[in-house]
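Structure first, then comments.
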């Protein structure tokens, strides 16, 4: 099984090949299902001028937020960038470029990128600042704008379990953008809580088939909670 | 008197039907879940990838992997499904959600809505709001009728950058329930004790007032 | 749970509302995972002038092939229509209109239809008869054609298990086009081998969430095999 | 002597690398699976929605819900995944399959391929062939060099309706292995005992013959 064994043993190896100026697609929504150790490795590697595609940019001091500290991110493509004072500061200072993209359009852009669809039409954003400069076309009397897909040099993904062949399943709502990012990276790296033998995952229940995955690593996760809300 | 947040939520909840799939935005819309009539059931869609949102977890149930679109820890209801963000927005964009309730800064007689950005102040991003307003056929906007400074939020043309164009036709404010049709607001119901004159005075956009405007009863 | 209980007790009820001239999207690949009893009900109902969207058109006497017998199908949108002598006869006689669509484009058209994407670009079919009359556009120096999405008045789907809320899972490769058709029908009807209580299916492992499903019925299935191939 | 079907499959199999995801078309391409070198592993993608196709089932394993793109009953290999047709073609269209092997009626010096339709005869449809040729970067076409009537299938311009335009650069026939470059076929290898002259005679499209054309060895 050597040819399909995607398991790597170190985070250095997991992110090997990432260089200045690359585009990185990151799974996660808020702090849920984020590849926290892969992000930490990017910080450690000190690569800069990254374009990062992720729904959010973490918070101050955790998640993608840590990449702002040393200004490793040149540009963010995100739907929501609140909850982050350093982000705000860099944005207002003109040190950070931000391309705000509606959440559903962002998800579809990554899926399309992975699926060989270079562009699609959506009603989302028509008539708003998001639609400015984009082609408008009518289908059945409704107006849509043309959105182009996104691919990345790297995709960094947080899974729950993966087998050694890179088949991945996600846990609860930690799925979010992860399977979409996974399809659209030239090199897709998945960190998981548990690595199992091929055959242990039910073939019909795999969220990300191994064909999309280049490297798998087992990590330990803090899983910080952004809004702890409980009932009595 | 202007309706409370709870009263607004109660009135919105009367639009719910048994078997509705509903997406509730942050703020007043979230409260709607507390006022679902006893004799019906609805299923809440959370755009991060959860259909069938349950109550907040107990302390021991809290799970970092189980959150809603507001990033709050939640539980899954019986019969829930959990999926990717692409699948979630396929539901939303594809018009499969029966009712969407969300807040706004402004709406106008063209059915435009502005809810995500105030130039010069902080831009946090639109999140899923643009997809929600573009994809849904049945949207209720909830907001105060006027700003703290008394400026109407119901306009002939939104002044802020839009979230969606021509997609809104129902607005519930603290003063009134209005529908948007033929480039005008149509006053359908008024808050208990609120006069038509007050609503007229606080509505900047073209307003059509029918002969009879019933009071909302609680 | 009445509002979400999608279970119907008869095939008449399952297909109620289907009338002449409607478009029906059908799951299945070859004879695998086809909604055989829903098809039989369409035959029984004698509706005609249907447009049927399905990868294949069954075989003589089984699957969608039975709808050819009384000429209930006006038009087929399919990727592959071999294995069917009656089909061939009606096609050559000009009695049946056929829009041949590449398999991946067909799958994506249904997915897009269900997802509110009116059209997308694909390289598939560029420079071939499939691309004739369609807009060509270049993205990153490669040529693509514009393909419009498909929706149907009805979608007929074969699942393995469904809960009463219409959450569906499929068995093995009987999944194929079924979850795509399910998203794109105004009325989506799913017939399954087993109906379970809500909560019995793992929420993270549902292939078709109930929001897409209007009616669920339990059926008995012949599951005819097209090419029985065995090893010693 | 012209290569047998088995020899063609054996030669194709030499293009496989350890860890390749491979889609094999119907006919000769299917045979390639029987000649995978012992020291490597490949995973077969079947476009109906199976990654990791195993051998045919035993009689007792036969399952109507478990078929391949040729509608044959199959099994799943260890580590397989099974998914929808949209996901399957996302893999194919997105260029994730490492090698695609398929048959053809004709190929030409432009890299065009015709494989799905012969006007006037029965049209069965293209199935997944158009997606496969449009999505893959690495395609090997296998076919006989000439028709039963002796007509070359390697042309300056395909005469039949195309499956894909400008997407083929490797062709293995019963007589030769050729690459397509700069609007010509380049003769890279010849079948054992087949002369360059025979290949030249049976190749209608522009052919470039290098000084040395090695024989394929088995």
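Which chain is which? They are A, B, C and D, in the order written, and residues in each are numbered from 1.
Keep in mind that, in the parts below, a contact is a pair of C-beta atoms (placed from the backbone, for glycine too) under 8 Å apart; a residue touches a chain by one contact, two chains touch by 3 or more.
The structure presented is a predicted model; accordingly, all values stated were derived computationally and were not measured.
Any chain bridging chain A and chain C, meaning touching each of them, is among B, D; the list is complete.
Here A-D and C-D are compared, and the pair linked by more C-beta contacts is C-D. Chain centres here are Cα means. That of chain A falls 35 Å from that of chain D. Taking each chain's centre as the average of its CA atoms, chain A and chain B sit 29 Å apart.
Distance from the chain B centre to the chain D centre is 55 Å, each centre being the mean of its Cα atoms.
Looking at chain D, one finds that residues 76, 82-83, 89, 92-93, 135 touch two or more other chains. Of all residues in chain A, those that touch two or more other chains are 108, 111, 115-117, 122-123, 171-172, 175, 203-204. Chains touching one another, given as pairs, are A-B, A-C, A-D, B-C, C-D. Chain contact summary for the complex, chain C toward chain D: residues 29-33, 55, 78-82, 88, 91, 98, 100, 102-108, 110-111, 122-130, 160, 171-180, 207, 223-232. In the complex of the two chains, the chain A residues touching chain D come out as 1-4, 111, 113-117, 163-165, 167, 183, 198-199, 203-204, 206, 209-212. The touching residues of chain B, counted against chain C in their complex, run 17-21, 40-43, 45, 51-52, 76, 78-83, 87, 89-97, 135.
Against chain C, in their complex, chain A makes its touches with residues 108, 112, 115-123, 137, 139-140, 142, 144, 148, 169-172, 175, 203-205. Within the complex formed with chain C, the chain D residues making contact are 46-50, 55-59, 62-68, 70-74, 76, 82-86, 88-89, 92-93, 112, 117, 122-131, 134-135, 161-166.
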